[in-house]
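Structures follow.
Two complexes are shown next, each including chain A; its partner changes from chain B in the first to chain C in the second.
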Partner chain A sequence: MNIENFPDSFDSTVDSGLAWLSDNGAGLFDTVNDALKGIYEGLLWLFNLPPYYVVAVLIALLGWRLAGPRFAIATLIGMLFCAFIGLWSETMGTLALVVVATLMALLVAIPLGVIAGLLPAMDRMIEPTLDLIQTMPPYIYLLPAIALLGYGTGTALIATFIVALPPAFRLTSLGIRMTPNEFIELGNASGVTGWQMFVKIRLPFAMPSIMAGINQSLMMAFGMVVIAGIVGSGGLGETIYGAIRTLDIAKSINAAIAIVILTMVLDRLAQSAAAAQGGKRS
Partner chain B sequence: MSDPIIQFSPGKYIAPFVDWFNTNLHVVSKAISVAVEVSLHAIEGALLALPPLAVIAIVAIAVALIVRVRVAVLAAVMLGYCLISGLWIASMQTIALVSVAVLISVSIAFPLGILASRVKRFDAAVRPVLDVMQTVPPWVYLIPAVMIFSLGRVPAIIATVVYGIPPMLRLTTLALNQVPKEMIELGNAMGATKRSILFKIEIPLATPTLMVGLNQCILLSLAMVVLAGLVGAGGLGAEVTRGLTRMEMGLGLRAGLAIVAVALLLDRVSRGLLNRNRRLAGTG
Partner chain C sequence: MITPKLDVNDVLVSCQSVWKIFGENSAAAMKAVVERGLTKKQILQDYSCVVGVSDVNLEVRRGEIFCIMGLSGSGKSTLIRLLNKLITPSSGKVLVGGRELSSLSAAELRAVRARQIGMVFQSVALLPHRTVLENTAFGLEVQGVAKAERLKVAEAALAKVGLADWIHRYPDELSGGMQQRVGLARALAADPQVILMDEPFSALDPLIRRQLQDEFRQLTKELGKSAVFITHDLDEAIRIGDRIAIMKDGMIIQVGTAEEIVLNPADDYVAEFVAGISRLHLVKAKSVMTPVSLYKAAHPNIDLSRLPTTHPDADLDQIIGLAVANDRDAIAVIDSGVVAGVITMRDLLRGVQGIANEYAQPAGETLVEVSS
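Up next, the complex of A and B:
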């Protein structure tokens, strides 16, 4: 391979590789794509089923339980504001994307994090990969996803999933490792089984750290979901992307306001949930 | 979905202000644009004036002398990839964008960070603002920048600067607050002026944490500069955007890998500087 030809040969290799993948793995990728899209659309349908004010009140009530009345009122006003500026369904789209992607990430990251917390060797193996994931600009995760799944929600979800993995994994593994030695010895002395040791001793100690990880993953996912508007994810990201391209100032301001409101609501909710967990344990 | 009873659009009320600003205060935005463009051209010109191989050699030697040989090899390999992937110019544009943005961020955040470590009230006022700035997705920063500076590299720099300020400011404050009280008292007892306490005692002791802030500032700036490819900032971000929107996956992945290379280069070199400082602090 000649060095001057590298770009061309690289491009043609990638193209033919992708062509091979989509010829041979089309069924698989379509299934993944459809499954992701199905979950997202189901959740979106659920969010859009009740009228906007019911959803807003429900979120505000959740806020009341977790963070108190002042936050609940602010949440209610903020969510109603999103509806009044005519971006309710987009806001719900973004919310659904964030929820689906974060849940997927947590389903993978927390069990892996627990294993890595128990097995330091595995932790050392995964750590460099996570470093790499966190060093790279999130934007580029859209590339492999769009190559395999094409334009649409599936791509947005996969890219968001990748970005949301590291914080939950890291903080879970850290939390599990941080169990005070005395308590492990205490457990051993009182003859608990391995499973009891894990559920009754390690997990409770790890809980605050895990909750912090969930919070961070959620916020990473939020940032990515908005960026993913460029691949047609749906939601506010796509609204902003469209508005910037057409230089529709009014609409892009509205969408930006809706994003900021949603960010603050989600961040506070997750933080309060984490704080509530931490408080209960200590 | 049922339509809300009340409907309004704050954007409709803000848009006229933006228009007014653009027609009447054009001079201001123009001046900023020119200043940013000139500094970008200078750095880009310097990076592109020499043949690529010479740039790689200079960077490798400088890194080897200042940091360590292993990092220098990594830097050479990463820059080498940028060259053979046919994206040398785009890579240098991205590096120039990041450098200008980081320089501006640091020169704003560093004094403010010092101020925040001195004046508790200022710190308390700034903290919530930083919290919000760090939770809001980077996309949002591009919108006002585009509205005032239209498309191109200038809004990219502005948005990147705003995005890069919080980590640097926070870590500057933290770094200065971590300086042991005894050292400052020592300075006072010897009758040092405030200025020499700051420059001879506080900043040297705070350097490791300051370098962490710089590293974060660089990486966040890179992420933003790449994202700004969407608003016509050029560089590698534009190539990735082209790959994404035209489905030219080869180009997209090639540019994506070049971004990884630039990210690794900037991260490892700035971390290398940090470790060097630790080593010097340890021996000194």
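Up next, the complex of A and C:
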């Protein structure tokens, strides 16, 4: 084989591999894509159902409950600002993307993390995969996804899902493993069953760590959802990407401000929820 | 201190030639011990295994507080964990209530731990997200006792340890001594026959510690519970224990009452331990008295009936008080209405030194058991 021809032949091999995969798995990928899109659009429809000020007030009220009145007022002002700069529906789009991707990631990461926390052998198997996920630039995950699922929300959600997996998994596994030994002894000496040991002793001690993992996953998802604007995810990420292409600097800055506001609101909400969980007694 | 009569035959917990060897080759090391009788040092060299507990035999009777005294590394914490199979022995049998633990299924073992043998830890291990009351009810909760019922029992247990006013607090609001009382209440709530106490008072300051020692002993006796009490402090063992086992290098080198150990230390190690212990409240009249016949032979002219009298279980402190109050140099020991012996000043002084009268009856109803 001539070395100059190698890049071309490698490209065509990859191309034909992906083509084979999308031909043969077309049914599967279409179903996945439709399902993801369906969930996202359903949630987005829900967010856009009431007028923007109702949603803003609801989020502010949640903030009040979790983090107090000052945060609630700041949240209300921030959310209303997003509406006044004309980016309300995009903001809700980003919110829906983050919520869907994070929930999917948690649904996988937390049960797996619990199992890995109980079975060190499994943890050793999964860890290298997570290292790989976290080492590679998040951008990379858009490529196989776009080849299989095409341009759009499905790709954005899958890539975001992958990026959001590791923190929740790692911190759940760590939390479950870190039960102080004296409490394991207490459980055994009291005659607990395996299930009771998990629910009554391991889980309560792991809770702060699990909540920290949820928060981290949420933030990872946020970062990725904005990057995923490039594949037509919808939401603020796509707005920024579009504005940059047309050199509409003002609009891109507006969208960036909306992203910052939404990030801060979600981060603070998640942290307060975690703190409330940690401080909650019984 | 109240010391009810113990039934010597009613054994609740017993260990029969129990060994625990830690390490990857522990099975091979155990085999080598059985076949070739290797020493602890040889096992460490040849198998890089550590001998935690070495050929221990012991019996804990109903209603008895059995103290295991040893310095750190002596294997006492390992030994107590063998009694409820938190650690599985490498060899030998552990029986609780007549049933061998290693023969039980997982469910049976859970039932034994939940109902028959409670445990109190040095670290207390109170669940931080539960109230004192919920912590105390933990054992019953695990057993599936209904909530109202278990909280009622837990409340009663807390009242017994004097914490009735603290039931809705959280563990971090309590002092160390109070937390340890909660630990005890939690063990008592499940109403076990035996309570394993793993150095429960070691981390407390001296005053609180003495108070808890006395309360613990009183409560255990009132409720008729047995206890195995681990400590590194001989004073504590003497204060609390009906019998004391002294451990060194994984072996029990002597078992006996405080008086027996003080008067007849099994070896130099024990002798050194008891050297600093005051004999005044440990040594009893019956251990130091001279038999009547010998006394009469030496002092034919003295009328025994005119001597001040005491009873066989009077301690040296009481006898000294008696000797000081009466201007006589001998005291008669009366047992069931007859003179059982006479304590001379020489006997008394030797008693303070920790030396029994060589002709006196051996102390206590049990003899010193020495496991090899």
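Basically, the second predicted complex is superposed on the first by the 275 of 282 C-alpha atoms of A that agree within 3 Å, B and C clash if a C-alpha of one lies under 4 Å from a C-alpha of the other, contacts with A are read in each partner's own complex, and residues count from 1 in each chain.
Keep in mind that, in the parts below, contacts are C-beta pairs under 8 Å (C-beta built on N, C-alpha and C of every residue); 3 or more make two chains touch, one makes a residue touch a chain.
Bear in mind that the values here come from a model prediction, so they are computed numbers and not experimental data.
Enquirer: Under the stated touch criterion, which partner chain does A:Ile85 make contact with: chain B (first), chain C (second), both, or neither?
Expert: A:Ile85 sits against chain B, while chain C stays out of touch.
Enquirer: Output check: A:Gln196 vs chain B and chain C. Expected answer is one of first, second, both, neither. What do you get?
Expert: After superposition on chain A, A:Gln196 lies in contact with chain C alone.
Enquirer: So in the superposed three-chain picture, is A:Met122 touching just chain B, just chain C, both, or none of them (first/second/both/neither)?
Expert: It touches nothing on chain B or chain C.
Enquirer: By residue count, which of the two partners contacts chain A more extensively, chain B or chain C?
Expert: After superposing on chain A, more of chain A is contacted by B.
Enquirer: Answer with first, second, both or neither: which of chain B and chain C does A:Val108 touch in the superposed model?
Expert: Neither: A:Val108 stays clear of chain B and chain C.
Enquirer: Quick one: classify A:Ile39 as touching chain B (first), chain C (second), both or neither.
Expert: neither
Enquirer: Could you look at A:Ile133 and tell me whether it touches chain B, chain C, both or neither (first, second, both, neither)?
Expert: In the superposition, A:Ile133 contacts neither chain B nor chain C.
Enquirer: Mind working out whether A:Leu186 is in touch with chain B, chain C, both or neither, as first, second, both or neither?
Expert: In the superposed model, A:Leu186 contacts chain C only, not chain B.
Enquirer: Can you check the complex and tell me which residues of chain C touch chain A?
Expert: Those residues of chain C that touch chain A are 81, 84, 86, 109-115, 118-119, 121, 123, 125, 127, 129-131, 134, 138-139, 141-143, 170, 190, 196.
Enquirer: What does chain B use to touch chain A in their complex?
Expert: Residue list for chain B touching chain A: 1-2, 4, 6-12, 14-15, 18, 84-87, 132, 135-140, 142-144, 146-147, 219, 222-223, 226-227, 229-231, 237, 240-241, 243-245, 247-254, 256, 259-260, 263-264, 267.
Enquirer: Would you mind writing out the residues of chain A in touch with chain C in their complex?
Expert: Residues 180, 182-183, 185-193, 196, 200-201, 204, 280-282.
Enquirer: In their complex, what parts of chain A are in touch with chain B?
Expert: So the residues of chain A touching chain B come out as 3, 6-7, 10-15, 18, 48, 51-53, 80, 83-86, 88-89, 132, 135-140, 142-144, 146-147, 151, 219, 222-223, 226-227, 229-231, 237, 240-241, 244, 247, 249-254, 256-257, 259-260, 263-264, 267.
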